[in-house]
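Structure incoming, see below.
The chains carry the letters A, B and C, assigned in the order they are written, with residues numbered from 1 in each.
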Amino acid sequence: MQTKFTLLEIAAHIGAELHGDPSVVISSINTLGQASDGQITFLDNPRYRKYLPDTKASAVILTKNDQDACVTNVLITNNPYLAYAKIAALFDRKPKITAGIHPTAIIGEHCQIDPSASIGPYSVIGADVIIHAGVCVGAHCVVNEESVIGAHSRLWDNVKVYQHVIIGEHVIIHSGAVIGCDGFGNANEQGKWIKVPQLGGVRIGNEVEIGANTTIDRGALGDTIIEYGVRLDNQIQIAHNVQIGAHTAIAACTGIAGSTKVGKYCLIGGGVGISGHIEIADKVMITGMSGVTNSIKQAGIYSSTMPVMPQQEWWKALAYFRKIAEIVKKWRKLEKFIKNNSIESEK
Amino acid sequence: MQTKFTLLEIAAHIGAELHGDPSVVISSINTLGQASDGQITFLDNPRYRKYLPDTKASAVILTKNDQDACVTNVLITNNPYLAYAKIAALFDRKPKITAGIHPTAIIGEHCQIDPSASIGPYSVIGADVIIHAGVCVGAHCVVNEESVIGAHSRLWDNVKVYQHVIIGEHVIIHSGAVIGCDGFGNANEQGKWIKVPQLGGVRIGNEVEIGANTTIDRGALGDTIIEYGVRLDNQIQIAHNVQIGAHTAIAACTGIAGSTKVGKYCLIGGGVGISGHIEIADKVMITGMSGVTNSIKQAGIYSSTMPVMPQQEWWKALAYFRKIAEIVKKWRKLEKFIKNNSIESEK
Amino acid sequence: MQTKFTLLEIAAHIGAELHGDPSVVISSINTLGQASDGQITFLDNPRYRKYLPDTKASAVILTKNDQDACVTNVLITNNPYLAYAKIAALFDRKPKITAGIHPTAIIGEHCQIDPSASIGPYSVIGADVIIHAGVCVGAHCVVNEESVIGAHSRLWDNVKVYQHVIIGEHVIIHSGAVIGCDGFGNANEQGKWIKVPQLGGVRIGNEVEIGANTTIDRGALGDTIIEYGVRLDNQIQIAHNVQIGAHTAIAACTGIAGSTKVGKYCLIGGGVGISGHIEIADKVMITGMSGVTNSIKQAGIYSSTMPVMPQQEWWKALAYFRKIAEIVKKWRKLEKFIKNNSIESEK
């Protein structure tokens, strides 16, 4: 892989307007505060603008507005963070992938595995699995019976895909993720739980990314569905028959209960809990650590994030909160008394 | 496996009263809204009753009360959800299990493995392990020294069982679960943490189900105990020396801190946090995303679930909440003033 | 491993003052309430002092203050919990480790693996990995390209280490942990997410312990850093470019968002959520289930732990909380009215 580029090559790659020396050689990328000679950097978050006048970087990607404050070569673009993403892809040093099935991989009967796919050591592929072109399955993966991995998708090491799971193209799944495990279905027979067999599957759209140790349950009846372009961070739990709309991004440690439907273009923070059997509209944003117990019908930002206070103050506030009903009752009595009284005195 | 049943066979299987054509052939199961010809469905949650008059299903399982609203064959039962669970078991298409030890599995010294058990590819069984009849251990599992897996239990792929863990019969454990890892024991020596070796084990009762990526710590001294029939969803954390009473069900992403004892027949929602060294009585229900910091001595429903509001409204409520102590103080001063005043004026 | 010790040997091991019979033989350790003949126990948490007069233990570790209440042999020390940790290490029965590379382990090119290290069955070591003396890598581990495992560290079974991760000495990592997976970096291009390649690494200091199924993302640019002596419990999520200061301990199920810097000697409870791009000072304690959205600049205890109430009471409190702005507004109007009125009446 090439590891050095001229500024001209980089400008062309991201479609940016170049001001400065096009022949400068860039060998890596770094933050505005830490970049040095030979490195390119970017200014996106305004809180880092203070580093701009003193940057040692060989080039800075920024918007037209910040151009004058910069003392080195610049690449002008409307979306510096996006430009950074594209340049970072040039310098990505991920391990190389070699096509072919590792001799220790175990392949079930009647599988269709494209010759351009790579199956890592000790991975176990069940019967009737289809693995398309350019797929990379890491070490210690399992893909169970009748599942499908779409072209150019990557399963990192130790991804477990249960049976009858359909994964799209250009999907990335990180280590420890489990796709298609049983949903939490339990019927009660005189106090004892009877397992409800989970007969559905999971369908994951193209260009989805799924974080490490995230779990996605198979449907009870019908499928759990993750639509096109969704981004799931680490340690997310998606219960059976949930549907996540296209282009929605969900941060780590969030859990979504069964049969809930999340809209498209939603942004859901980390540590959020969403109840089952509800619907969340498109373009809803939920701040971290919030609880969602009812359907949200309108786009917008919603929150129940409770930030910390010094413990003594928190305990005081909490104590009043816990007797707020009583306090308001007293207050209303007083209000009534005053109103009666002042009416009296006006008489 | 048989994949078609007459309605008569199904009625007999669940002990339901059949009204309609007993010879109708049922080949699968589906939801009330989506079921079509040849499918059976059920009505349990009243919010789906609206689909009953127009269902295309060949048969519906329901209670006597809903019978008249149904236009097709019916099976009458007191608990349609339970009946559905039992019928779903008929149509379950889980991968077949073959008895025997896969040639790539590594078996330690002095193990006792029943010939009817199945040990999957690349699984590693430590010394002195006992695996009983009908057990299925998937691929990439580890069962460490002196652990025991009871009859007919199933470890899906990639379940990790540390040493000295006793698992009962008919237990199901999903991928990525870790049983018997060290509890979080740290003694402090002049600011530096010293590890407290975790010398206990884990005991898991019969008919327990444990979800994907759930972790159960071994005891520090004595065992962590999961009693008969408990249901644990995905990504639950059970700390050292916790005890979970029989028939309790816990939803995903809940964490229980060390030495806490949860009663029998409890229902604990998702994303709940429970402090260490407390006791929760039998038949306690905790709603999702709640925090439990003290023992609960009475059966009942408990909650601190904080649902989202539109962000502007939330911020306003939060601002008042954070100064609630000050507001109440002012209010009490006013109350005093009024009382004094009105006493004055009465004089 | 020796499994019996005289009380004299134990006293010498922990540097305690022995009162009683030094030749008593101790074969195991147990809790104060359950210890019997031949066992040693300890008194640390005052709530267990009630068991002291009736203990059946052969010896008790305690502080000078509790000496008189004890009826058996005693070992006196300032920190009984620490002494217990050290004695527990004597009785630890963890599986034995044998040096050497298991014949089924796959080792990449140009690795340096110390002959005293142990590499477990089916583990996969990438190219250019360095594994130092006394390291134990369990079964089914992956250590990817150019990563380093410091001397005497232990990876339990199924630990996944991505490329370019540097792990210190005497580190313990439990099953299912994933170190160095991609951070959650997504740039937006007209509604569609573009992956931001994560070019940094992870550096883990000496004597760190990492719990089961915990995930630590690699840096976007620069490294994610876990400093010396940090303790991470199970199912913790550490996002890209987070830095955790030395000797900080974090309980299970806590998530820390990107680029946040946590100080030294912090104690962070379970189920806590910490926002990205903030700083937390040294010696901060956060109680369980709290949310931290802003930097904390002062040592101290902080909380937003919301404990459960009986559901009816909670709903009532919640209802008032949700209209608290309106209530306070009314109250202030009343206050104004009264003030005006009483001024009036004073005229």
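FYI, a contact is a pair of C-beta atoms (placed from the backbone, for glycine too) under 8 Å apart; a residue touches a chain by one contact, two chains touch by 3 or more.
Small disclaimer: the values here were computed from a predicted structure and weren't measured.
A rotation of 120 degrees, rounded to a multiple of 5, brings the CA atoms of chain A into register with those of chain B. Residue numbering shows that chain A and chain C use the same positions for less than half of their mutual interface.
Per-chain Cα centroids separate chain A from chain C by 25 Å.
Under the contact definition stated at the top, the residues of chain A that touch 2 or more other chains are 122, 140, 158, 176, 213, 235, 253, 271, 305-307, 309, 321, 324, 331, 338. Contact residues on chain B toward chain C in their complex (touch as defined above): 106, 122, 124, 126, 140, 142, 144-145, 158, 160, 162-164, 176, 178, 181-182, 184-189, 191-197, 199, 213, 215, 217, 220-222, 235, 237, 239, 253, 255, 257, 271, 273, 275, 277, 286-287, 290-294, 296, 300-307, 309, 313, 316-317, 320-321, 324, 327, 330-331, 334, 337-338, 341.
Of all the residues in chain B, the ones that touch chain A in their complex are 29-31, 34, 45, 47, 79, 81-82, 84-86, 88-89, 91-95, 104, 120-122, 138-140, 156-158, 172, 174-176, 207, 209, 211-213, 229, 231, 233-235, 247, 249, 251-253, 265, 270-271, 288-289, 305-311, 314-315, 318, 321-322, 324-325, 328, 331, 335, 338, 342.
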